[in-house]
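These are the structures, in structure tokens.
Both of the next two complexes hold chain A, though its partner changes from chain B to chain C.
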Partner chain A sequence: MNTVEDLDMDETIDADQLTTEQYLTFFMEGEEYGVDILAVQEIRGWESATPVPNSSSYIKGVINLRGTIVPIMDLRGRFDLSKPEYGPETVVIVLKIEFDKGSRIMGVIVDAISDVYDVPINDIKQTGIGENKNARFIKGLVTVNKSMVILLKLEQFVIFD
Partner chain B sequence: MDFFNNISFKNKVLLPWLLPVIGLLYAYATLPTGVASNSVLVIILLCVIGGVVSWLIGHNASTLMGAGSDHTGADDYKSDQGKLIAIDKVQAIIEFNMDGTIITANDNFLSAVGYSLDEIKGRHHGIFVDSNFKESQEYRDFWSELNKGKFEAGEYKRLAKGGREIWIQASYNPIVNEQGTPYKVVKFATDVTDIKLESANNKGKVDAINISQACIEFNMDGTIITANDNFLNAVGYTLDEIKGHHHSIFVEPEYKNSQEYTAFWEQLNRGEYEAKEYKRLGKNGKEIWIQASYNPILDLNGKPYKVVKFATDITTQTNENISNNRIKRALDSCAESCLMVADEDYNLVYTNKGVQDMFEVAESEIIKSIPSFNADKVLGQNIDVFHKNPSHQRSMLNELTSVHKAQLNLGDRIFVLIVNPVFDDSRVRIGTVVEWNDITEKLAKETEDKRISDENTRVRRALDACTANTMVADNDLNVIYANDAVLGMLNTAESDIQKQLPNFRTNNLIGSNIDIFHKNPSHQRKMLAALNDTYRTQIDVGGRKFTLIANPISNDEGDRLGTVVEWNDRTQEVAVEEEVDTIIEAAGKGDLTQRAEVSGKTGFFKELAMGLNSLMSISENAINDTARVLAGMAQGNLDERIDSDYEGVFGQLKDDANTTGIKLTEVIGSIREAAQTVQTGSTEIAQGNTDLSQRTEEQASSLEETAASMEEMTSSVKQTSENAVHANQLASAAQDRAEKGGEVVGRAVGAMEEINSSSKKIADIIGVIDEIAFQTNLLALNAAVEAARAGEQGKGFAVVAGEVRNLAQRSAGAAKEIKDLIRDSVEKVDNGTELVNESGKTLSEIVEAVAKVSTMIKEISSASEEQASGIEQVNKAISQMDEMTQQNAALVEEASAASETMTEQATSMMNLMGFFQTEDRGRAVPVAVTQTVKSQAQARSISGSNSVASRPVITDSDDDWQEF
Partner chain C sequence: MSIDLSQFHQVFYEESYEGLDAMEQGLLEMDIEAPDDEVINTIFRAAHSIKGGSGTFGFNQVAEFTHVVETLLDEVRSGHRAMNQSIMDLLLISVDCMRSLLEELQAGDDPDLSQAKDLKSQFESILNSDSEPAESASDGGDNSGGDAVEDNNDTGGKGYHVHFVPEVTLLQTGNEPTRMFRQLAEICDNQMEVVCSFDRMPSLTGMNPEHCYLSWDIKITKAIDRHEIDEIFEWVIDDAEVIITELSGDADSAVNSIEAKSIDSSTPQVETVVEPVEQKEIASIVEQKETAKDPVKVKTKSSPPESSSIRVSIDKVDSLINMVGELVITQSMLGQLGQNFDISRVQRLQEGLAQLEHNTRELQESVMKIRMMPISFVFSRFPRLVRDVSRTLNKKIDLVLSGENTELDKTVMEKIGDPMVHLIRNSIDHGIEMPDVRASAGKSETGTVELNAFHQSGNIVIEIKDDGAGLNKERIHQKAIENGLIDESTILSDEKIFDLIFQPGFSTADAVSDLSGRGVGMDVVKRNIASLNGSIEVSSETGMGSRFVIRLPLTLAILDGQLVRVGEEIFIFPLVSIVESIQMDDTAINKVGGHSDVLQLRDEYVPVVKLNELFSVNIEETAVDEKIIVVVETEGEKMGVVVDELLGQQQVVIKSLEENFKKVEGISGATILGDGTVALIVDVSGLPKMSGTSVKQIESAHKAA
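Right after this comes the complex of A and B.
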């Protein structure tokens, strides 16, 4: 848990060369996104969820995960990407998101799981793309094996529009 | 005054005193106003008026009281008043002053006269009477009587409004005052106009009866009450003479005492009416006939109280009837003349016995014209039954004024009718008398007499005009008739006859005895007397020969009446007969030169001689001419002709002889021409035969060539047939193989499908592997996550997880590759399957095509077999043709020989025809020769040229050729 707190303070404290962070990456529309691996609770294959009435269009419903009710969010919907085709590679990443008022468990649906990378904190670049609707979700960008990975700011997910 | 009548008595008494009181009150009221001078005057005036009126009313009231003075008390007065009202309702009432002016009138009166009260009030009564009466003394007296207070009552004629006449039953009542002087007149009236009119009407009727009829009235016991003038005139009594006497004074004493008469009156007393004709006695026993009715008059209880008798004097008619009856009896007994009488309507009212008998006799004939006729029912029928056109007949009869005779044909009967109109004394037509006369038999007799007389005249005239010489003698043989012809003949022969009978004179013939012609009269007489049939004889008198034909004449009863003799002078006739005999005998022997002597002959005989001569000469000429022509023909000269004109049979003979010459010339010419043609033709035939022979040989050789080439063709066709069979075998082999190929393809397709299915299974397995790889990957990732959480302690585990993930990813990649390969191989297998299927289809098409080829080859094979047999038949035909051609060649030779013979015979015929000499013989022969030469030259030139050009000649001779 300390590590996690350490990681959260990366931006404000001085860079430690030895300090790396592990990120679980996944694909959506050919783009690779990454989330902090410590926030990941579980990775599951996609199964249908129980719909919840009067919820946002990108909330697909809830699942019972070993006694815990977990809301499932379609990340494509959340990012206003095109409608997803759920296939055999579609997976749900169950995240435990910590934010200032506490934590919340939530599953996000992504096209396919990719890999786990060790990312040196210093390599993380700020976006600088200005104010954008989706900019608030982006923590930073990192280049792994010559391909760009978008690192996501998880606490923003639980602020529902 | 009505006003007063209508108010109560109390009021009437009070009223007079009211007016002065009103006057005083008025005066009192006006005094203080200061118009004293006028007021005094008004007061005085009102008082005076009040006084007068009071007096008047008082007076009236007292009068009324006086009218009801028989009664005492108010009830009596009321009763009177009621009566007055009743009278007022029922009767017309009018009141006048004594001078006649009208005071008032009630409604009844006003409605009767049609005026309103205002119109008549104050007017004089004179407006109700006509102006004449108004001016009369009578009217003035009427009013002066009333003024004297005298009462008047009666029926009056009065004029209502507009001059309408009304009758009233009225009483004029002058009303007298206390002094006894009348002061007004009250008139009560009832309108009796209707009653008056009806009574006037009845009176008119009674008057009319009185004028026209005799009228007498009796009491029921038969005593006479009264009688009118007509009755008195009829019986000759005066009224005084009979009044009070019994009715029996008018009847005969026997009748008066009879039961019948008593019964007659009893009947009348019972109220029964009787009417008929009665015989009554007038004054002095004068007999009169009356048509009378006795009418009992009944009183109101229905009991007769008097008898009124109306009578008409019919004595005259009755007497006339008796007289008429007498005449009728007379007519009835009149049997000979047939009489019939019709009334003015032409109904038959009388037929006497004569006419009745006549009708019965003629009934069967009359029925033919009038089918409805019946002799028994003539009486009562209309005379129209005798006429087909009754209207015409009627108009004629209506205009009849005197005797008219007419003839009427009914059936075969003829009647003469004498029609007499019957008038009465005043020249009024009352009927018609018709007298019938059946003249049928009389007419028939007259017609027969006339016919016989006409017949006699006709025979006599015929004899006069007849050219036969006829003479008639009576029983004493005196000549009583000789016709013009016999007289003429005897006149001519008179001189000759006189030679033998010197006493004969033609002019004395009629009347003289027939004996003058005979030397022996007694024999002649005897013979003629015995004559009962035609007798012919010939006598010679003075060289003249006469033929006599005597016939006896008898009447119908067979009595001899005389003898008729027919003369005929035959002298000249006999001479001519002999001469004609001579000529005809010579002609019979062929001598036609004999002629009859013409001179000395006249009339018929001269004509006969000239005719005979002309006949002889014509016959001679005709026979000579004919002989000449026939002699020429016998010598071969056909140009002789008869040129003279003949008629009839001779004309026919001439025409036939000439025609024979002409026809023979024509026939011989035709035969000659035909012979020449035959000669030319036979020469041409001979030439044609030669050509034909040559061509036949050519034909035979070309037929041989044809036969050879046909054989070659046969062998080639046979080969074709064999080849076809071989090809057929090959085709079926190809078909078998193609079918086998098809089967192989099918198997290949099966194998391919199996490969496909196993590939799919592999793909499934790969899928499972892939799934496992995916799950492994997820697990590895989860492990990585767990390792990351474990921090430093999890680092080793993280490496393991990474390795696992690597393996998983590799196995997933390998699975993907295998999947791709499998997909590829499946695709290729699919392609292979498609191709194999296509090749299978193609193979089956090949099989079909091969089957078609095989059928075609079979057809070719059978066709070539047929060809082979056809060619064989052609071969046979050609060999037959060859045979025929050879036979033809032989025939052509024979024809050639025959045509030469024909040429020879034609030449000999030409020579024979040379015997006849005709006008054109000189030029006909050379022409024929040149024609022959020409045609031969032509034939030769044709045969020299090509065979196509010679074809027309061949077609010309075709018919002849076929006959061979």
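Right after this comes the complex of A and C.
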């Protein structure tokens, strides 16, 4: 907090250094992932969705979100992880994702919600995970309370293939 | 001058377009032999307000052009000039010209003035042809704006005589003769005489203190621009008899003024629409604007932005407010009930909920009604079209419109215009015969094209009927064979033959005319209508004419749907696309080539697809005869779709699937059912294509899994 106050005094400081970003984190297969909290619209319990014919297996279907049709994506499926049963802790994070063609709303199924962290932008580390096919979904890594959090690049998720 | 006029531009454009429509309609209605005064007045008023508006907003190009139109109209109106066909044509073309000028201004482009200039000189030649010099002098002006005052003062003859007899109610309309005279005096530097006449003065007892019984004769002895006098009387011209005559003084000076005029007209002109002083201001404003615009001028030929506003009658808004009021009452009633609820009040709760449901449904209906507009918005453009096309082709055609007040959704309306234009052109071009052919066939020389619209079971039906030659079955058949659409040996019912004209690349016109017959057309019409979830059919009788019937849903937001069950999923078929539903009977299904199933449906064979296979839905094996085949029709082709069960029929609100997801093959949208779950709407027109590729898709889906 100290740094923030110092920086407020000096207006010429670069905006990047000034800000911390808030991330909502959740667990999936023992790892903690984070999404930009500004994109989060709501968190809801998992309920069944209407399957969409011939769509990728990670699309669980569409639901009615107060009159809007919203697709639900299983993040495990998208990352080709094993598929556990959906339990009472399974939640859907509804995200409003801005991308170059506008914005889309989608729900993401995750194992369980964890916490909200302030992450200084400068602390986000780029990764060299290279050829990993899930690399395009990763924005960077950050250490919070000595454990690693994987920050997700949301715009990649709304490109349905 | 701190008011930002640009905020009113949109209103000005809308009103001007309405005015132009009124002018066009009036011109088309007008009987050239005996023009109705009321019609001419309507046209004149429309032109006048466009001129006034465009002057106010600094669109001088429009004002300038409209002024000549108005001058001519004024002569017709005052009876100084007889209406004839060429004037009428010129006026109609100028309506188009004004419209395109306005459209270009609206799009932010510099208007193309070449047509306007051309037309203007035509107007001027008419105006100059056989009327007094004074009339033509009113066109005088100069583009420099600043010099206009002096220039105008030089035009005109020796002076004018103004005979001014106002209606007795003149004062009640807020016009004050004294002020008008004062203004006149200013213009002519007091070189005028005013003689007041008391002819109309009633006896003292019969006098209404608010009425004006006086009339005046004004003699202006200074040579000023006639136009300036016109301007002063402009506002009272509808409420008074104003006769302005030029004083027959020195003949030479009149000739001089004409010469001066003709020199003037070779230079680019700016109309003296408003008072010279104001004009100077406006001209400078325009100049400023233009210079400011110049450095960043990007010449784009963009179409004017589609107007996104909609005019709603106050009745509709009132009923909406009423309903919202009721909804609020119901809501507060339920709220009260909830505060201390016990089981004894269940009855009242149920009543309240029923009322809520009722209110909500009514509210939904009236909100939908707001988007509904009478189809006359589309119909109104056809009289002009018919007139123009029939004249080009030298055919005589009457257009009969009925059901103009039938309402339909604005979006549907916007999209139905072009297909209708096409159909009507076709009717005139191919349908109606030349007058001599008609006469020899024993029909009246004038052909009739009828346009009719009405509601029928939740659809709007538009009928386009002509009493022409009808479709030529043999020729269509022949042509279809030539184009390889059908086999020579194929024998088709009349209905099927007529349907061929909707095939891509089909045209029966022997010669490619300016209007139609390029071989693109009916298939586009059909596709456009299909994209609106509508259908088109044609019937025809040789020698008697043909009839096109377009059926459209009233709105694009709601669809009459048939709910079907496949496995555990519910899908919705648009009811319009369903021909019939039958119980599946294994004996009626044959396998062609081992794969494709074909259903024998009476005397035809219909391909059959299983929806669970197309959509990869898991179903439990049930006895075949428990299944249902829904026979749907799309683009003239029938197709059987196997489903597990037919559920109810209901109106569903169409929601977009693409908004947050992507286009899904075979699915046209989604909707929300009564229990809040989502159901998908089947895109019937996409099924045939899908069934061809579905095998591959299933295989790849298996690989991916």
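Assume the second predicted complex is superposed on the first by the 143 of 161 C-alpha atoms of A that agree within 3 Å, B and C clash if a C-alpha of one lies under 4 Å from a C-alpha of the other, contacts with A are read in each partner's own complex, and residues count from 1 in each chain.
The rule is simple: contacts are C-beta pairs under 8 Å (C-beta built on N, C-alpha and C of every residue); 3 or more make two chains touch, one makes a residue touch a chain.
Fair warning: this is a prediction, and the values are worked out from it, not measured in the lab.
*Asks:* Specify the partner with more touching residues on chain A, choosing between chain B and chain C.
*Replies:* Touching more residues of chain A than the other partner does is C.
*Asks:* Regarding the shared-chain residue A:Pro88, is it in contact with chain B (first), chain C (second), both, or neither?
*Replies:* First partner only.
*Asks:* Which holds for A:Gly67: it touches chain B only (first), chain C only (second), both, or neither?
*Replies:* In the superposition, A:Gly67 contacts chain C only.
*Asks:* Just checking: does A:Leu38 make contact with chain B only, chain C only, both, or neither of them? Give me first, second, both or neither.
*Replies:* Only chain B is touched by A:Leu38; chain C is not.
*Asks:* Looking at A:Glu29, would you say it contacts chain B, chain C, both, or neither? Reply first, second, both or neither.
*Replies:* neither
*Asks:* Would you tell me the residues on chain A in contact with chain B in one complex that are also in contact with chain C in the other?
*Replies:* none
*Asks:* Spell out the residues on chain A that touch chain C in their complex, using ranges where they run on.
*Replies:* 49-57, 59, 61-64, 67-71, 104-106, 160
*Asks:* What residues of chain B sit close enough to touch chain A in their complex?
*Replies:* Against chain A, the touching part of chain B is residues 771, 774-775, 777-778, 781-782, 784-785, 788-789, 791, 802, 805.
*Asks:* Provide the residue numbers of chain C that touch chain A in the complex, in ascending order.
*Replies:* Where chain C meets chain A, its residues are 569, 614-617, 655-657, 659-662, 664-667, 670, 672, 676-680, 697, 701, 704-705.
*Asks:* How about chain A: which of its residues touch chain B in the complex?
*Replies:* Within the complex, chain A touches chain B at residues 3, 22, 24, 37-38, 40-45, 88-89, 91, 113, 115-116.
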